[in-house]
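We call the chains A, B and C, going by the order they appear; numbering starts again at 1 in every chain.
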Amino acid sequence: MMAPQSRLPEAPQPSPGEDRMVRIFQYAIACTPVVFIGGIIGWVTHLIRTSLKLHDVPSGAIGISLVSIPVFITLMCVLLYVLWGILNDRRAR
Amino acid sequence: MTTWGMVIDLDRCTGCQACVMACKAENNVPAVGREEAGKGRVLSWMQVLAEPDEEHEGEVKRFVPRPCLQCDDPPCTKVCPVYATYKNPEGIVAQIYGRCIGCRFCMAACPYNAKFFNWHEYQRPAAGQNPDVSLRPKGVVEKCTFCHHRLQKAREQAAVEKRRLLPGEYNTACAEACPARAISFGDLADPTSEVARLSRSPRAFRLLESLGTRPKVTYLTEGEGRG
Amino acid sequence: MAERVEVDELLLDPIRKTGRGFWIAFVALLGLIAWGAAAYLTQLRVGLGGTGLHQPVSWGFYVTNFVFFIGISHAGTLISAILRLSKAEWRRPVTRMAEVITCMVLLVGGGQIIVDLGRPDRLLNVIQYGRYQSPLLWDATSITAYLTASTVYLYLPMIPDIAILRDNLRGKRNFLYRVLALGWTGSERQHQVLNRAITIMMVMVIPIAVSVHTVVSFVFSMTLQPMWHSTIFGPYFVVGAIFSGIAALIIAMLIFRRVYHLHAYLKPIHFQYLGQLLLVMSLLWFYFTFAEYLTAYYGAEPEEMKVFWSKFTGHFRWQFWAMFTCNFVVPILCLTRLKKNTVPRVLIASITIVIGMWLERYIIVVPSLSAPRLPFQEGSYAPTWVEWGELAGSFGLFSMFYLLFTKLFPVISIWEMHEGRHQAIAEVMGRVKSYLPDQTAPVAAAAREVAP
């Protein structure tokens, strides 16, 4: 796979301040999987707890979460792996 | 455990709809107006269904007053996403207007079409309303509650007088109003109550029994035999 | 990289330049969205009474639209994930458009349920008081998972393309590209990480997508209503979703092929293959429909037959037979013998299928509610301008999202086209060679004699 070329000669060089802004946004994006998917998992557990407290078919909540929570955790891990993998390699270069 | 139930004797029912009017008055169920009624949006917790006669065209075979059947295995409570409808320990399927999000899943699930929706803001405070029953806002589902507010009042009264609730002290508006005394209401778990006795009558049947909803409203068929 | 950009320069044109056509489309879509907004604001003001809904038909257009739009979202999964998984090389120019459809249409589809609520201000009750016994909560979880997975599955393969945009386009959007490119340099390690993630995602997305439309079908099949309480609904809905999804994808591809001059990338062979897939799905859809109705008819349960006859000869016969024509008759006529006049045939089939599948959702939702088991006031549902407006607005919103996407990102994956030119051919040759028998002595001897 060919490596991408650097920018065209006419393109302006980004300022170091801009560079930092970009980096801040990028790391923020890399943290969103934890926030977002962590929130979803928290929500699912909250629903399990509510159904247990009210004795309202807890088997449904537990059954669904046995499938959905692993799926969400896998999604989160894949996302973290790829986002941090791509971000960190840049520094290594 | 107290289990509230109802028996409706179809041999006595004349189709006069006094039960319907009493229910509307007791529970602040408004008239939606002619235009809305024409669109099929009548609010009527108790309805008298007219079963057509298959053999004689245009004639009514019998009248079937249909409140909420207060099923013991309600299809509506299963599908509610927010605990807005649930079966309370005494068997009444309750409706929490303040939590209902108006998804109308319970309406789609009820095989008896016993649930109604506030398509507009039909209810505004007005003179002559029953202060014991809250007005429902637009966008929520409502249905017959076996006049649950009457139970609460009777229980409070009994508690004040430091005694137990007497049979007959809590009665629904429809049962009270019926001039033919076709509707009996009471505690199914009390073996001495009239409701318990009638629900075991050889004339007793339940609507759509094969669906397994186990409704607590039992009907007595006309004549001597089984419905 | 310079070579890559020059060869595929055309794909950057829509992002660089904006013509008059874009503005006409933009204004037209804005009009549709405005109609939808007016409709919804009316509904917020007066209540759901502004629609044609009533008792017993308390679900109508909005639930139909919900199932329909979520169904279309299966386009992305099928093309992108399954074709990638099966190493079908013709998917290269198609995957990006498919993935975009999924993400955009899921947003609109999920929005339909919110529009349908009597009390949308209480939407958070679903989060705070949700009950997992209710199919609506299964929907909420499943669609959230699918939306997350699809967005990831759209974004990851876009990263190298965003890097290309970052390096070749100046202007205000450059900051956005720099952020989203995540410092992509195309190094060996980055490619490894990305490919591994895409592989995992493409496997994960398929069962998630299947679960989504299955649980949407459960909203109906878990009730006791006649002709809803059917065990076939899960697979039936999934097949219908893939069916309508491919049709919608074809229409989107043909539109963008025309307006962005992508004829070199989207060739008749692509439409031929998609058309063949569409034909297969049409036959599958017919098979499920036939099984469903034959079972109901043979069992002859009176309450089911009331609904059955209302569809075949009664109040809903126009919609029912139109659906059948659109979903089966027209596709069979159009999609056999696709080698000639591929594009017109496939376009006509796709448009009729999209209409037909919307009608199919309508035919599932409304007739069962219209013929209740008890002698209730049987109802006749007639949608109002509010519901038509909502449908128009939803369609407009989805199209607008899509249109704006094409102004920011390339609608065909540049790096995958590049990969196709430089790596895939050798890879495929190697694969085919591995299927054939290894050289044995006699074959080799003959080859040595004949070869120059």
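Here, a contact is a pair of C-beta atoms (placed from the backbone, for glycine too) under 8 Å apart; a residue touches a chain by one contact, two chains touch by 3 or more.
In this text the structure is predicted, and so the values were computed from the model without any measurement.
Asker: Does A-B or B-C have the larger number of C-beta pairs in contact?
Answerer: When the contacts at A-B and B-C are counted, B-C has more.
Asker: Looking at CA centres, what chain is most distant from chain A?
Answerer: Comparing chain centres, B lies farthest from chain A.
Asker: Go ahead and note the Å separation of the Cα centroids belonging to chain A and chain C.
Answerer: 24
Asker: What whole-number Å value describes the gap between the mean CA coordinates of chain A and chain B?
Answerer: 51
Asker: Could you work out how far the Cα centre of chain B sits from that of chain C, in whole Å?
Answerer: Going by mean C-alpha positions, chain B sits 44 Å from chain C.
Asker: Check each residue of chain C and list the ones that touch at least two other chains.
Answerer: 129-131, 133, 137 - these are the residues of chain C that touch more than one other chain.
Asker: Give me the residue numbers in chain A that touch at least two other chains, ranges are fine.
Answerer: 56
Asker: Two or more other chains in contact with one residue: find those residues in chain B.
Answerer: Where chain B meets two or more other chains at a single residue, that happens at 83.
Asker: Considering only the defined contacts, which chain A positions touch chain B in the complex?
Answerer: 54, 56
Asker: Can you name the residues of chain B that touch chain C in the complex?
Answerer: Interface residues on chain B, with respect to chain C: 36, 39-42, 47, 49-52, 66, 75, 78-84, 99-105, 107-109, 111-113, 116-121, 137-141, 207-208, 211, 213.
Asker: Give the list of chain A residues in touch with chain C in this complex.
Answerer: 1-8, 10-12, 14, 18, 21-22, 25-26, 29-30, 36-37, 40, 43-44, 47-48, 50-51, 56-57, 60-61, 63-65, 68, 71-72, 74-75, 78-79, 81-83, 85-87, 89-90, 92-93
Asker: How about chain C: which of its residues touch chain A in the complex?
Answerer: 1-4, 127, 129-133, 137-138, 141-142, 144-145, 148-149, 152, 156, 159, 163-164, 167-168, 170, 175, 178-180, 182-191, 193-194, 196-197, 200-201, 204, 208, 419, 422-423
Asker: Please output the residues of chain B touching chain A within their complex, sorted ascending.
Answerer: Per the stated touch rule, the residues are 83, 86.
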